[in-house]
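You will see two complexes here that share chain A, one where it goes with chain B and one where it goes with chain C.
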Partner chain A sequence: MNLHAQNTLTEAETALVNGYSSRFSDLPGDADVTVRRDEALELLKQGLPTRRVEAWHYTDLRRLLSVVPDFKPVANAEAVDPLIENALVLPVLNGAAHGRAAGPEGLTIATLADKLQEGALSAEWLTASDRFDAVGAINAAFVSDGYWLDIAEGAELSRPVELQNIHAGGQVHGRFVVNAAAGSRATIIERQTGVGDALASSVTHLDVADGAHVFWILLQEQPDDAAYLGQFTASLGKESSLTLFILNSGGKLVRQEVKVEARGEGSEFKLRGVNLLGGETHCDVTMVLDHLAPDTVSTETFRNVVTGKANGVFQGQIRVAKIAQKTDAKMACNTLLLSDDGGFSSKPELEIFADDVACGHGATVTDIEKEHLFYLMARGIDEKTARGLLVKAFVAEVIEELEDETVIEALEARLVDWFAEHG
Partner chain B sequence: MLEIKNLHARIAEDGTEIIRGLNLTVKAGEVAAIMGPNGSGKSTLSYILAGRDDYEVTEGEILYNGESILEMDPAERAAAGIFLAFQYPLEIPGVATMEFLKTAINAQRKARGEEELKIPEMLKRVRTAADELEMSMDMLKRPLNVGFSGGEKKRAEILQMKLLEPKLCVLDETDSGLDIDALKIVADGVNALRSPDRAVLVITHYQRLLDYIVPDTVHVLYRGQVIKSGDKDLALELEKNGYAGVIDAAA
Partner chain C sequence: MPAVQETIDQVRMIDVDQYKYGFETLIESELAPKGLNEDIIRFISAKKEEPEWMTEWRLNAYKRWQAMEEPSWARVSYPKIDFQDLHYYAAPKNQTGPKSLDEVDPELLKTYEKLGIPLREQEILAGVRKQGEPSELDENPSDNVYSSGRVAVDAVFDSVSVVTTFKEELAKAGVIFCSISEAIREHPELIQKYLGSVVPVSDNYYAALNSAVFTDGSFVYVPKGVRCPMELSTYFRINERNTGQFERTLIIAEEGAYVSYLEGCTAPQRDENQLHAAVVELIALDDAEIKYSTVQNWYPGDSEGKGGIYNFVTKRGDCRGNNSKISWTQVETGSAITWKYPSCILRGDNSRGEFYSIAVSNGHQQIDSGTKMLHLGKNTSSRIISKGISAGKSQNTYRGQVSAHRKAANARNFTQCDSLLIGNDCGAHTVPYIEAKNATAQFEHEATTSKISEDQLFYVMQRGIPEEEAIALIVNGFVKDVIQELPMEFAVEAQKLIGISLEGSVG
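Then we have the complex of A and B:
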């Protein structure tokens, strides 16, 4: 931006800029890609966004991202067990795609490194969406690999695909592209985790074409000392649907952005999320949803459990374009605050330019209902178990409406694990 | 089995005294009815027995099988065999009824040093008890009490009581909100539990329930005290003449 700003780069910002110089020659891409990376770096040189930027008001990235670890070129990251047993696992380990297995019928798998090298990408593809798109910029500058999946027209994938972005400390920057062609149907699981002190970023581009249906499950389970910056973008065609389920349970600093465009008439977007926040986690989910066509429907429900000194943020912005008549959008964010030292900030924003729409939002912050606790204890259930049942019940409500028994069971098992550790 | 001696208790939040020197003894095998006008402290008594911490005992003693229960939390009291059938059973979304029953039964068994029940045995018991109360197993697939009618909630309370096999059953206005058919089913459920080693405390406003669960003793509660005790004829007398006569006589 100016000399002054450059002179006052923080330690983390300096590490990002310097990291680029040393890392640059190892990063894949043709000349076009290199131009995009350089542009992204220029943004980073202007400094990370602070709380003065509205989109970052509750997550002062400049202050919170205090340390950026060095890359560990030879670290040994290991794939994790899939959430669902029969899933096809496509791991990105310490920044390199390792899956070479053939997919189910109708699925074409390529690595992102190959795609970057081929020069097949459109110019805007690695471009940050605006001056303050820090997640997009960091990822564009450093992205090393990932997967590019094409799901054929009308194909119904016979088993789920699990994309993993796994680190072993250091830095990883991955990107996933999934194109679900018209009338296709797929379940995709995305895992963001690893071991050790890390900066991990991940950007997903999902295109759900006309009449396609995608169920996407994003599990962010970073270790306590990792920073994770995620950006999920999706575009929905006519009469298509996307159900996105997000579970955040880990990380020191987490920013998960969700940007969805309901651009096709009659498309439906469902966002369901559970934030299990313990320790000193700062976890921010920021959604921007554009209703760009008539008769589009969206519902967003988040359930948050806050313990310890954890801090949570949910920003939900719904924009309804003038043409998007008969939009039906409902957003809810409910928090169970179990600790006096924790906090949760919820900011719903509705921008409506159409005149015939139904939009609503609600946010609550509560403690466990004393009367519920008494009722369970009066049946002989000890206090700790009773509290556990009630907290689990609070978040399980969101999981149980997912309509896929295998997924529900797998997710509930993760709840049980988390409560065993943090209860 | 239950001895309440000179019990004084107040609402913890604002210090309002509700129970003012209550004395009551209930023997094993006995069905005792507690009757009284609104505001006499009937429901408060039931909550205090179950251990709800909105109430503070300031004086007196509650002995259960000769031992004080005042220092026990609700879960410990339940494990010791005290059961409160709530006047207004709570709906708890997200807690599956079967999971709740399994957790409660096994928590109590564990606290008593018994082996946990295996799932097939548990299901068998639940099915038998539900049949007797004319409850469908489909209802039990729902979250605890969620979407149950008033009558269904009361049946669900009795179902829990049958499964938990308590030694001291406290029924708080179990008849309220029940039609006559449901009342009979619930009363049959309670009567089936009558046994020489079990006591039942029936708290009610009306005589109606006592036509079906015939009490051995009847106690009139007024302003936090038992002002008169008698046998089942006392309930009939109250039905005929109202509480005024008994209250005036005690004054």
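Then we have the complex of A and C:
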């Protein structure tokens, strides 16, 4: 489309493109991988998407991604404490995978760098999904390492696995692949954080095979001056289920994409998310959910708290294919907008081609209910405390649905931390 | 109306397309040559005896239009329109105000009869009864000129306004209701002040095109403190072949005024597509209220998706004054493609916008419609109720935007969009944009998509009601919230229209 042809690249775009030539020799991969990386770079040369691109309507990446820092090959990134004590930690530190520990029974661990070097990856690998898949393209061009996990058929992992993508400033581009074979069961935690001014990207491919059940927790807690571009893609087999929990609390510019395909009959997807937005963060969660088989069920709930000059975005698109009869899809996005300097935009879309479905979405933006506040204050609680209680209760509701006590406790602790910092 | 029932029965019998306004009226008419250029615009302007500033205004719009690109973001697909292959002006000949029934072209008369415009109005249209005289059909004939249930009509045939009824009576109340061409000649000060003030010339591709070539439409001015004594109404009809209809409507409600306005649209059945690109501007000043209702029933194309009207319309209301209110109600059953977003700019403090919509699509129709509620003033509120019904192979999209700006303290919105799917070859889509930039804003949006449940259908059918009627009954229940917002005279007609639109959707 000539509409989007950009003659001159911005400073950040130029930095990205130039970064590739200096970084190229250090990147792993066989000849095939190199071809894909080059293709991704060609996309970047055409410029980053602007708000004229519908998928980026509320996040003008070209304008917002104003600075692209240099790589810092010798920076010393350190792994963080796991969310749950007994988890197996697999860290990617400053772009290099460091965990070589043996996993629990049924889990095979490989590093992504090794896989890229071995080659023989399927064709859609490292390929941007379209011209405006900026996250996919940036990651494909620069990805240096990550993990590739295979969970054996019928295996139930005895302890959670925690994948960490940690930076110490500069740029990091990680990728995780998890294949949960038929009938397996696993809990996986993904951490995205670091220290300093950075551009971090991460792409995750999750395959949940027939009858497998995965519980995935994604914690994005970038420092205030980091840009984070994340993409989580999952494919669900027959009678399988995926529960995905996302917490966004941090980052200067955050784009978290979630692309889920319910391919198998009777599969179930549950998404719960909390966005705690303070300071000057711009946080965009964009979800595309495809119901591609009959009798699939999905529920998505996002709770957002916006303070300071933060700006939040939720774009959620549910697409129901003609074949996907008896789909039951429900999506809700509730926002507490607590500051006049902040903003929240949501675009919950339904695209439905099957007639025998029950789909719905709801979206609200509001301040705290006066009645609720009055109720608490009438009991002698001062306004500030009362407000705090109500805001916490608003987000805690989503977390409490998660059923796993250890996880709920760990996540609630993170809430307490955030509220302590942002009042 | 027995005529309507008869038509339905006939349609059923011959079992073809369900469009009942598909007749063509053979009236001699005057056509401008095909194509679009500055000369055509000057020609239209000259035909309308417009002042120089108006011609310039049009030419400016044309220049801007040339620099614009056709929008492609809507979920509709159609072959590229050749804007040079259209007549931009068509007018029935001999239409210098009929004085008696004999002078009215009988074909024209028949047209209105077929359109089902209430008899009383036909009388007026035909000029048999003098304006302001009570009709025998009035239940309570008296000297009360403000008797309810009366409707003043402006009939637009192709490019020109044929006749406007009840003008004198309205004039008594100070209300101006005339064709826009007349208003440009008679009330230039109002036109210059308000035309293009809500939908600027270069607002969008079709609005720019309309500004350049609009041929007629209605003009309403309700002065300060006046409650318009009757419903105002315009019937638009495209009759001529290969014409585009570009009408322009401007309604101004001064401080404390109230007006209720209804438009109805139909077109003959043809194989080729016809373009309709209208612009409607509403302006409500302090404490004023405008209620705008549309029953859009342009020819939707045949069962193969051939022909039909492309309906690309820009409608926008500006709640300019404090405590003003604008309410849009639309029943959309026609057109091959609809691209239409009646919007409200809630500029005045405490102003209110409402949007009630029923969009029915069948056959190969494509609808991309919705609304925009832009909250700018303090304590503004808006309400959106949208009911989409898709059947056949149609695609029905709701696209809407609700936004609260930084200064829009206490903005309040409630949105509900429900879609109903009948059959599994159709699609229903919802694309809302919700944007809040103020902490005191309170927005609620909910949307559902479902089909008519078997239980509901069984419940009705076991009482001996055939399936098709049962569906119509359930659908009418589904759309009740919106139908209630229509002026009473048209609610019944709208209900029937929905029933007809859905015929043939079962099985």
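Rule of thumb we're sticking to: the second predicted complex is superposed on the first by the 416 of 423 C-alpha atoms of A that agree within 3 Å, B and C clash if a C-alpha of one lies under 4 Å from a C-alpha of the other, contacts with A are read in each partner's own complex, and residues count from 1 in each chain.
Heads up, the rule we're going with is that contacts are C-beta pairs under 8 Å (C-beta built on N, C-alpha and C of every residue); 3 or more make two chains touch, one makes a residue touch a chain.
Bear in mind the structure is a predicted one, so any value in this text is a computation, not a measurement.
Asker: Check chain A with both chain B and chain C modelled on it and let me know: fit or clash.
Answerer: Partners fit side by side after overlay.
Asker: So, does A:354 touch the first partner chain B, the second partner chain C, both, or neither?
Answerer: Second partner only, chain C.
Asker: What is the contact status of A:322 with respect to chain B (first) and chain C (second): first, second, both, or neither?
Answerer: A:322 sits against chain C, while chain B stays out of touch.
Asker: Contact-wise, after the overlay, does A:36 reach chain B, chain C, both or neither (first, second, both, neither)?
Answerer: Touch status of A:36: no partner.
Asker: Using the superposition on chain A described above, determine whether A:282 touches chain B (first), chain C (second), both, or neither.
Answerer: In the superposition, A:282 contacts neither chain B nor chain C.
Asker: After superposition on the shared chain, which partner residues are touched by A:385: those of chain B (first), chain C (second), both, or neither?
Answerer: So A:385 only meets chain B here.
Asker: Considering only the touch criterion stated at the top, classify A:23 as touching first (chain B), second (chain C), both, or neither.
Answerer: neither
Asker: If you count the residues of chain A that each partner touches, which comes out higher, chain B or chain C?
Answerer: The partner with more contacted residues on chain A is C.
Asker: Quick one: classify A:175 as touching chain B (first), chain C (second), both or neither.
Answerer: neither
Asker: If you stack the two complexes on chain A, which partner ends up touching A:375: first (chain B), second (chain C), both, or neither?
Answerer: Touch status of A:375: first partner only.
Asker: Enter the shortest inter-chain Cα distance between chain B and chain C once the structures share a common frame, rounded to whole Å.
Answerer: It comes out at 13 Å between the closest C-alpha atoms.
Asker: What does chain A use to touch chain B in their complex?
Answerer: By the definition above, chain A touches chain B via 371-372, 374-383, 385-386, 389-390, 392-397, 400.
Asker: In their shared complex, at which residues does chain A touch chain C?
Answerer: 3, 54, 57, 322, 325, 335, 337-340, 342-367
Asker: For a test of understanding, state which residues of chain B touch chain A in their complex under the given definition.
Answerer: 50-53, 73-75, 77-79, 83-84, 86, 89-90, 92-95, 99-100, 103-104, 107-108, 111, 143, 160, 164
Asker: Spell out the residues on chain C that touch chain A in their complex, using ranges where they run on.
Answerer: It comes out as residues 69, 73, 406, 419, 421-451.
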